[in-house]
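The structure is given below, and queries will be raised subsequently.
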Amino acid sequence: MAHARPIATTRSATGIPTPRLAVWWILASEVVIFGGLLGVYLMHRIGHPEWAEAASHTQTWIGAINTFVLLTSSFTCVLAHQAAEKGNGKEAAKLLGFTILGALMFLMIKSYEWTTEILAGYTITSNTFWSFYYTAAGLHALHVIAGAIIMGFVAVDAFRGRELHRVEIIGIYWHFVDVVWIFLFPLLYIAK
Amino acid sequence: MLESLPQASTYAADIDNLILFIGIIVGVWFFLAEGIFFWLIWKFRAKPGEKSQYLVGKEKHVKQWITIPHALVLVCDVFIVVAAVRVWYDVKQQLPEPDSTIRVIGQQWAWTFQHPGADNELDTGDDIFTVGDLHVETEKTYHFQLQSRDVLHSFSVPVFRLKQDAIPGRSITGWFTPTQTGEFDVQCAEICGIGHGVMAARIHIEDANTHAAWISSASAATTP
Amino acid sequence: MSENNEHHDEHGHDAGHHVNYFKIYVILLILFLISVVGPEVGEATGLRWITLITAFGIAVVKARLVVNNFMHLAWEKRIMKWVLATSLVLMLIMVSGISPDVMNHEGQRWENIAAKAEVERGLAYAAGYAEEESEAEPEVMVAAAFSAESSFGQICATCHGVGGAGDGAAGAALNPPPANFTDPAFWADPARDRDRVITVIRDGAAAVGGSALMAPWGALYTEEQLEQVADYVMSFRPDAD
Amino acid sequence: MADTVADVHQHETHGHDDHHHDQGWVSKYLLSTDHKIIGMQYMFTGMFMAVIGGYMAYVFRMQLAFPGISVPGFGQVSPGEYNALITNHGSIMIFWVAMPVLIAAFGNFLIPLMIGADDMVFPRINRLSFQVFFLSSVVLLLSLFVEGGGFGGAWTSYPPLSANGDYNQTALGATLWLTAVGLEFVAFLLGGINFITTLMNSRAPGMRAYDIPLVCWMIVIASILFMLSVGPLLAGAVMLLFDQTLNTGFYDPARGGDPILWQHLFWFFGHPEVYVVLLPAIGITVDVMATFARKKIFGYKMVLYTAVATGVLSFFVWAHHQFIAGIDPRMANVFTITTLLISVPIAEMLFVMIATLYGGSIQLTTPMLWALSFMAEFLIGGVTGIFLGASGADIYFHDTYFVLAHFHYTFFPIAIIGTFCAFTYWFPKMFGRMMNDTLGKIHFWGTIIPFNFIFIPLFVLGMGGQHRRIYNFQHFPEIAGPEYFQLRQLATISLLIMLAFQLVFFYNVIVSWMRGEKAGKNPWKANTLEWSTESPPPHGNWPVDELPTVYRGPYEYGHPDREEDYWPQHLPG
């Protein structure tokens, strides 16, 4: 739809372009959401040494593969930003496509992991460690899904050479999702 | 209306005095501020042909009108904090040697009281359980262990000026020393479901003889 | 679009920083390997600090690398750094305010009995006492010698009354009102036999189609105790001897 | 910068015209992305919810004053219904009245107008924000009619009562309530990002940070506070939702959870939330006071800095709501100190308000009466808060009617007085016509006087040990005496009078809207930018090539160099 962009959107009193300013604020609010959840988890984890036993049933190598996948997708995402800055929309779209592929791989591995765990009897109600495990990883996975969908739209636009600045915006968001996983990985999988 | 409530514990008067102390401090500020406020409204009401003054509020001698009261508020705060923390420490933090220990258990929607019975020890065979009636002896120091079976409750005894939430899974210890005989309300002060309004109990503060008589009669009733 | 032009002007600030993204990526991968291998070493050698540093220390380094180089926060205006730092500091404040109550299981004049029991149960289970797994007896909070009468007096009587007449203090507010066990009409229904009384006490009245206000109490009693309480309830029956 | 803006103007001229004509009623009023329409949508939804909240107050006040009667328009109140009424009254008044009206409605309406922009920076996100908010209102109202009735676990929703249907007997109502609150938070996160970025980036040329009207600053500071405090509660709400629906044990002590945790998460948000609604109200009253006292604010920066200080401090005080809730008693001392510290910036703001009157030329118009009464009434709320912040006194006062009266003396000035103040002040700008001043004053006195007679008796009752959320006091002999009943009846009758006077307001709005005197651009002779355009402002606020430029601060009243006693921000020279 032909929607006129208000003049307000084009002003930039801070020197930060408005979309990027907004995404930083979104990230600030995400930091407190994940920070709250992980902070609460951390307090429980320290207070409950017996959770080490439950945590030993998580599959570290799957978590590790997923970390690798997300790191790589972050890498392709930043390359897409580089391409977009040079005005190369097609290249940016291709790299964003790789990033989306990374997201899908992450989700597939995640579903496999959860399936095996649930089949082994570790469900969200098994004990509070598992409740935290599924809640935190699930909230993160939701962000992965949302990011991948938005990235799809951005990639299509970028392919047609439109709205190239959005590549950077979705990139910042995507790296944040990666950063959250960087902390989730040791918290849920490694610390025994 | 606070004065119509008896002060039936050792710290009830402390809490009332603290409230009075804070009341005097904030009362002075309140009437001063409202007084000046209404006086200014009257004094500077719009008069035809008179233009308002242009005051920026940047010069130091003008700013004083804000900064000095500002500092005074801070000083008053310090006094209030000291007074409040002293009372708080006395009621909630320190724990005098008890003469007896009782257990208070909240559940939807009644209070169960576990009295130590004749041997003055909890969790023995002669403990006296009552629902809705707490019997204590005046001038004796009691510890209470507060527990809950289901949801949050709050053990509130207005005449003691005492209140403490009961949390399922936890045991919270507190103390009181009754100073006056009589029969008073115990309330639940934390919403606990549809029966919250009926979760009442009575505290019976008795002198030594009456209390001993109650213990023997209650023991006789529960242990056949 | 004019916006894009302006956008690129604004973007001038990081044009001068040609980050070698591939280099950063390789460093991240190396750090990632350390964070996987390190804890294994830590566990094998029993040195807990190795685990903590390699797991969490490396995570912080990795996050910094991503945030600074991929998200370009390093070249962003100072205000956004402050905003993000503030949100992190707030989380620290939150955790330090909450942890005395939630992380600890006891403190001044309070004790978290349930959490302690949970820790103990879990540790015992982890230590390999497999038999503990078989439904460790749920703790009855009032650890006195069990008697159906006193248990009824403590728990049931709040609604059903000490005499079982449905006249307990808490019962007055309930709709439907609590059952009156001394009323012959109540027992007139032949379905109300001993098994059903046990079921209702254990699983709540809703389990047999009754009011949800009669809560399930099964967690409080062993099967044997349940029967005793049920017998005590049955003893209110007017035609019981 | 100026060149760039001019370029953009030319570029955008075309776009706006395209957008403007041939709009149906639906796309103009329901699906509009215009910030003014969205502001109105928020305001009317908020006012509708306020009517529902007021109706609830009427029902349970009747039950308290005349226990057991069949309340006209409701019927007999059962304990479960009573709990649902007080729970939803609290939730509605804070989340669905104070926030949408003060922040979202006036934020949407005022921020672009006051900073000289043609719209919010993300108009479609803005619309989405309202749609999510509207959905949340619908879900909340639905929750009142599901099986078991509305949620009755108080607006604080403490688990285990809220986490388990066996305990609260309103399993579905509780889940819907929680969902509604969660959606509402999402709506305000979306709206908040819009307010913040708009203020930061889209100011008119020449408008420096200290030229922004305080009300805009306050709404944005409030949005930032909201954004940074709500995260942990959102996470906590997901956990509570899982406890309710999936049977997890986050708050179940028997399974390694902790009920205290929710209280911390709730109040870590809940206390900043108080300032989230307070700051916009202060901004509104300060603006109105400056206009009608014809005075520059006595210390613009002081107000701004104290607002920021209040915001920062508000993150350190949350546990004063939990002094006796079972937190470690040593922590209470820390929180007593921080809580009393917060009285310093708040007192300073009120001092500034008082000092602003000095040397003024005070016109007692209806909006000014509201602004002045805000100061007078809020002070009562403020000083009674000291009793509750002092841990020792809180042992007695916690969860009594004293607390209830205290926070109504803060929230009523904020949500009701603040709203009426802003509404009567900006009504000419919103609808292009003046409100009837006589009717406005009748409404003012008919609201303020009964208001005090509702809550002063409740202070007294609280002192007497009457505690909250009890549907009938007959089981507590000490507080069931006739003198207590007289006070309760006094409060209830005052409430009825106050509610009746609101009809005057609605009558006034409708009549003024239809046939009020035409307002013109600047009926109050005020300085800020919104008064430099038509009333009501057209789509795009100003003609595209006439967007204002700012030359001075917003409160230049009574300047000695000028004949008129006001000096609008957009006039050069």
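In this document, chain identifiers A, B, C and D correspond to the written order of the chains, with residue numbering beginning at 1 in each.
Going forward, contacts are C-beta pairs under 8 Å (C-beta built on N, C-alpha and C of every residue); 3 or more make two chains touch, one makes a residue touch a chain.
Bear in mind that the values here come from a model prediction, so they are computed numbers and not experimental data.
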item	value
Chain ID, smallest distance between chain and overall C-alpha centroids	D
B-C against A-C, pair bridged by the larger set of C-beta contacts	A-C
Separation of chain B from chain C, taking each centre as the mean of its C-alpha atoms, in whole Å	30
Interchain centroid distance [CA atoms averaged], chain A/chain C, Å	26
Separation of chain A from chain B, taking each centre as the mean of its C-alpha atoms, in whole Å	49
Computed distance of Cα centres, chain D from chain A, in Å	34
Chain A: positions in contact with at least two other chains	5, 9-10, 12, 14, 16, 21, 25, 28-29, 31-32, 35-36, 39-40, 44, 48, 127
Contacts with two or more other chains, residues of chain B listed in rising order	92-93, 108, 150, 168-170, 172, 194-195, 197-198, 200
Shared interface positions of chain C, touching two or more other chains	2, 6, 86-87, 90-91, 94, 98, 102, 104, 108-110, 112, 114-115, 118, 122, 169, 172-173, 215
Every chain pair meeting the contact rule	A-C, A-D, B-C, B-D, C-D
Touch list for chain B against partner chain C, complex	92-93, 95, 103, 105, 107-110, 112, 114, 123, 125, 127, 129, 131-132, 147, 149-150, 168-174, 194-195, 197-200, 222
Chain C contact footprint on chain D (complex, rising order)	4, 7-8, 11, 78-79, 165-166, 169, 228-229, 231-232, 253-256, 258, 260-261, 264-265, 268, 315-316, 318-319, 326-331, 475
In the complex with chain D, residue positions of chain A that touch it	2-14, 16, 18, 21-22, 25-26, 28-37, 39-40, 44, 48, 124-125, 127-129, 131-132, 135, 139
Chain D residues touching chain B - in the complex, by the definition given at the top	78-80, 82-83, 152-154, 158, 160-161, 167-169, 253-254, 258-260, 293-299, 302, 324-326, 329-330, 332-333, 336-337, 340-341, 343-344, 347-348, 350-352, 354-355, 357-364, 372, 375-376, 379-380, 383-384, 386-387, 390-393, 395-400, 460-461, 463-465, 467-473, 475-479, 557-560, 565
In the complex with chain C, residue positions of chain A that touch it	5, 9-10, 12, 14-17, 21, 24-25, 27-29, 31-32, 35-36, 39-40, 42-44, 46-54, 60, 64, 67-68, 71-72, 74-75, 77-79, 82, 85, 127, 164-165, 171-172, 175-176, 178-179, 182-183, 185-186, 190-192
